[in-house]
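See the structures that follow.
Okay, so chain A shows up in both of these, paired with chain B first and chain C after.
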Partner chain A sequence: MIDPYYLQQLAIGLSLGMTYALMAIGFTLIFGVLNVVNFAHGEIYTLGAFAGLVLISAVAPPIVAVIFGALAVGALAGFSLERLAFKPFRRFTDEASLKSRAMRESTLLSSLAVSIVVREALEILFGSEMRSLPFDYLINTPVRIGPVILVTGDFIIFGVAAAMLIGLQYLLTRTRIGLAIRAVSNNPLGAKYVGIDTDRTIITTFVVGSMMGAAAGILMGLYYGAIFPAMGFVPGIKAFVAMVMGGLSSIPGAVVCALILGVAESMATTFVSSGWSDMVAYAFLILTLIFFPNGLFGARRERV
Partner chain B sequence: MNAFEGTLSKESGGRRWLVPALLALLVFGALPALLAGFDRGYFYQIANLALIFVLLSASMHLVTGVAGLLHLGHAAFYGVGAYTAALLTSKLGLGFTVTLPLSGVVAALLAFLVALPTMRLVSIYFAVATLAIGQMLYLVMLNWVDFTKGPNGIIVTKGFELFGVALSGRLASYYTVAVVVVLCVVAIGRLSHSYYGNALRSIREDDQCADAMGVRTVRLKMEVFTLSAFFAGVAGALWAHMTGYISPGDFKFSESILILAMVVVGGLGSLPGAIIGALLLILLPEGLRALGDFRNVMVGLVMFLSILLLPKGLLGEVSALRLVRRQLGGAWRSTGKGEGIGWR
Partner chain C sequence: MSAPLLAIEDLHVAMGPQEILHGVQLAVPQGSIVAVLGSNGVGKTTLMRAVSGIYRARRGSISFDGQPITNLPAHRIVNLGLLQAPEGRQIFSNMSVRENLVLGGGDVGLGELDRVLGMFPVLGERLRQNAGSLSGGEQQMLCIARALMRRPTLLLLDEPSLGLAPKIVAQIFDLVERIRAEGVSILLVEQNARAALRIADHAAVMEDGRILLSGPAAQLRDDPRIAEAYLGGHVH
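== the complex of A and B ==
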C-alpha cells in the first residue's frame, strides 16, 4: 500500500503538470511552425488573466463568458504580437534568410522586448502587487477521492487541457488550415510555391496558440485566486522546459513532459523546501539538453 | 612615435594617440571634475553604475557580439562575483584588493564548469541552457539562506581600498571604479580586435566551416565564455563594494536581459556600440526620471525600436571595426593599404 501522502503529492504534481501543459501547448504550436521562440507567450497568459479580471470587475458575467472574453483578448494579442514582433523580420522570403540565425535571433529579441513593454505597461495600469479575484469565481472547492483531496479546478484544467490537445490534433490533422500549418512548418518556401498563403497561416497559428495561452492564464487566475503582472514568467519557463524536453515540435510530447515536470517538482518538495523546487525544472532542462538533445519525443534534428 | 615628423599625418598612424588620450581625459579628467562640481552623491552613484554596466555590456559583447553565443544568464555570473566579494569580506574580512581578482576568478571557474557540458549546444539551445543556468544560480543566491542570507541580502562592510589604504570618499571611489573598468574594457577591446577576436567572429559566422578550417571552435567558445564571466565577476565585486549591500534581486533574469539589450541596441559585435548602449540604457531611464513608472517601458521600447529600425545597432560592427582600426590601431600589422587585420 502506498503512503497516502505520496498519492496526494502525485495528485498535486499531476495538477501542477496540467497547468504547465496548458501553457506548453500554445508555446509548442508557435515554435513548431515558425521555428522561433516566442518569449512573449508568458505575457499573453498574463493578458488573458487580466482580461478576465477586468471583465469580472466590470460586468460580472458568468464564468463561461469570462473565458470567452479571455480567448478573444488572447486572439487579439496574438494577432498584434505577430504583426509587431515577427512580421517585420520576415521581410525576405528566400531560403537563406528563412534559415538564417540572424532572423531567428532578431525575432527572439523583439518578442522579448515586446514582453518587457507589455509587462511593464500592465504594472503601470494595475500595480505590481497581487490582485485577488472575487471568491465566487474561484474554482478551488475541495473534492475528496479516497485518500486524496483535489479541487474542482483540477478537473476543469484537466478537461480543458484534454480538449485543447484533442482539438488541436483535430485541427492539425483533419482540416485544411491544419494542413496549411503543417506544410508551412515543414517547409515555408515550398508551402509558398504551392500556393499556400504563408502569412495568413502564420497569423492563424499565432492566434490559436495565443488563445490557448490566454485561456491558460485566466484558468490559472481562477485556480489560484490571485494574479499579478509578472505571473507569466515562471510558467513560461516551465512551458519552455516542457517544450524542449518534449522535442520542440511535438505537442503531445510537451504535454507528457509537462506532467513529468509537475510530478517531479511536487515530489521534490517532499525532500527540500519549496523554494528549491524550481531547481528541478532547470536541472531537467540542462540534463535533457545534454543527454537527449532531440528531446524525449522529438524527431531527429540535424544539429542541436 | 614619428608623428612629429609630419610624414604620417595622412595615414591613420598620426592620430593614434589622440582619441585614446581624449577618451582618457574625458573619463579621468572632465567627468570627475563635473561630478565634483555638482558634488551630489546621486550623480556619483549614477556615474559608477553606468561604468559598471559598461563593463558588463563589454563582457557580454565578447561572448554574444563577437563569438555569437546568445547568453541569457550573464547577470548570474555578475551576481556570483558580487556574492564572492561580499562573502569574502563579511566572513574572512578580506579587502577589495583581494576580493576584486578573486571574484573574477570564482565567476570564471564556475563558468568554466558550466561550459564543459553546454558548449556542444548551438544557437537557441545554448541560449536556453544559459537561461537555465542563470536561473539556477539565482535560486541558489535566493534559497541558500545559511550561506548567502537569501532574500535579505548581505551588507558589505568594506569600501574600496588598495593594499590596506582606504579609498574612501566619492571621488576616490569613482576613480577606483573608472580605473578598473577602463583597464578591463581595454583588455576586452584588445581581445575582440585581435586575431583572437577574428577567430571568434569566424565561429559566429559559421562554426562548422571554422572548424573545418582548423579553428578550435569548442575550445575558443569555452575560453570566451570563461573570460566574459571573469569580467562579469569583476563588475560584481565593484558593485558589491560600491553599494555596500547586495541582494539576489540585483542579479535576476531581467538584469541579463538589460545587459543583452545594451549590446543589441549598441550593435552586436561592436565594442564602442556596447559601451554606447550601456550608457544609453543606464542614463536614459535616469534622465527620464520625470516619467516615473514609464522608465522600464522605455527600456523595452528602445530595445524593440532599435531591433526594428536599426538592425545593425547604433554603431554597427563594420563601422565600429573601421573606427577602432583608424583611431586606436596601436599595433596593427599593415597589409599595405593602411588597414591591418588585428593585433597578434
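== the complex of A and C ==
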C-alpha cells in the first residue's frame, strides 16, 4: 500500500503541473509558429489575473464571467503584444526572414521590454504587494477522495486544462484557421503560396496562446487567493522549462513535461523546504539541455 | 487579339540596395503556355515571386485578368486565381498529403479534390502520409496538385523538372499540357529548354534581370543563339 502522503503529494503535483501546462501550451504554440520565445507570456498571465481582480472588485460577477473577462483581456493583450513587439521586426522580404536569427534576437528583447513595462505599470497602478481576492470567489473548498484531500480548484484547473488541450487539438487539426496556423509554423513561405494571410494567422496564434495564458493567471489567482504584479515570472519560467523538456515545439510534449515538473516539485518538498522546490525546474532545464537537447521525447521535431 | 491574361510591364525588383530585375516585359496570352528560359541566377525565380506578391516591385506594373495586381499581398493574388508551384516546392512537409491539398483548396474548398487526384493518382494512394516522406517527384506533383486545388486561371511553374529523373520529367511535362488542355494558362520557368520549348506556345529568354529575346516557341527552337546557349550540349 502506498503511503497516503505520497498520493496526496502526487495529487498536488498533478494539479500544479496542470497550471504549468496551461501556461506552456500558449508558450509552445507561439514558439512553434514563430520560432521565438515570447518573454511577455508571464505578464499575460498576470494581466489575466488582474483583469479578474478588477472585475471582481468592480461588479462582483459570477465566476464564469470573471474567467471570460480574463479571456477577453488575454485576447486583447495577445493582439497588442504581437503588434507592438513582434510585427515591427517581421519584414518578409525573403523566405528566411520570418524565422531568421535577427528576428529571433530582436523579438526576444522587444517582448522582454513589453514584459518589464507591463509589470512596472501594474506596480504603479496596483502597488507591488499582494492583493487578496474575496474569500467567496476562491476555489479551495476541500474535497476528500479516500485518503487524499483535494480542493475544488484542482478539479477546475484539471477540467479547464483538459478542455483547452482538447479544444486546441481540435482547432489545429479540424479547422481552417488551425490548419493555417500549422501551415505557417511548418513553412511560412509555402503558406503564402496557398493564399494564407500569414500576418492574420500570426495574430490569431498570439490571441489564442494569450487567452490560455490569461486563463491560467486568473485560475491561479482564484486558487491561491493572491494576485501581484510579479506573479507571472515563476510560472513563465516553469512553462519555458516544460517547453524545452518537451522538445520546444510539441504541445503534447510540453503538457506531459509540465505534469512531470509539477509532480517532481511537489515530491521534492518531502526532502527540501518548499522554498527550494523551484530549483527542481532549473535542474530539469540544465539536465535536459545537457542530455536531451531535442527534448525528452527524442529528435522528432514536429512543430505545433 | 484580346488583352493578355498576365501582363508584366517594365518590372524592377530589388533586394535591399541590389536591383535584380531591371525592367522585365512579359505577357501570357489567355490559354497559352509561356516558357521563360535562362541560366542560374538571372532572376527567373525573382520574377515569379514578384508576380505572386512575395516580393515587391520597385517600379513597373503587373496586371492579371485586366486588373492591376502590383504589390497586392500574396494571399489576395491567390484569391484572384493566380497560383504558383514554386521553386523548392514549399510543401508542408510535417503535414499529411491530404492536409496539404486541403490547404491548397483554401476558400474554394475540396471541390477539386477528385479531379486533382484523378490527375495525380500517386497522391490518392498516399493521402495520409506525411508530405515530407514523399519522393522528390511525388513532392513536385503534390506542389502542382496543391495549386490546382484552387481552380487557377493562371498557373506559374518554377522549374518543375528540377532534380527529377528523365522519366518523371516527361510525366510532369505531359501533365502540364493536360492542365493547359483544361483551360489553365501557364507561365513556366525552366532550364530544361528543349522540353519547355516543345510544349510552349511562346518563350522568352532571360539574362541578367532582363528579357533578352522572346517570341513564338517554334521560332526560338530554331534560333541559333538558343540552340547554342541552351540546347547545345544538353541531351534530354
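One rule holds for everything that comes next: the second predicted complex is superposed on the first by the 293 of 304 C-alpha atoms of A that agree within 3 Å, B and C clash if a C-alpha of one lies under 4 Å from a C-alpha of the other, contacts with A are read in each partner's own complex, and residues count from 1 in each chain.
Methods note: a contact is a pair of C-beta atoms (placed from the backbone, for glycine too) under 8 Å apart; a residue touches a chain by one contact, two chains touch by 3 or more.
None of these values were measured; they are calculated from a predicted model.
In the superposition on chain A, A:Val244 makes contact with chain B only, while chain C stays out of contact range. In the superposed pair of complexes, A:Leu179 makes contact with chain C only, with no contact to chain B. Contacts of A:Lys192 after superposition: chain C is touched, whereas chain B is not reached.
Touch criterion met: A:Met279 reaches chain B, while chain C stays clear of it. Counting contacts by the rule stated earlier, residues 303 of chain A appear in both its interface with chain B and its interface with chain C.
Of all residues in chain C, those touching chain A in their complex are 15-16, 52-56, 73-75, 78-79, 83-84, 86, 90-95, 99, 102-104, 106-107, 146-147, 150.
Of all residues in chain A, those touching chain B in their complex are 37, 84-85, 88, 101, 104-106, 108-110, 112-117, 120-121, 123-124, 233, 237, 240-241, 244, 273, 275-276, 278-279, 282-283, 285-286, 289-290, 293, 303-304.
Looking at the complex, you find that chain A touches chain C at residues 92-94, 179-180, 182-183, 186-187, 189-198, 302-303.
By the touch criterion given at the top, residues 68, 70, 117-118, 120-125, 127-129, 131-133, 135-136, 139, 142-143, 253-254, 257, 260-261, 264, 293-294, 296-297, 299-301, 303-304, 307-308, 311 of chain B touch chain A in their complex.
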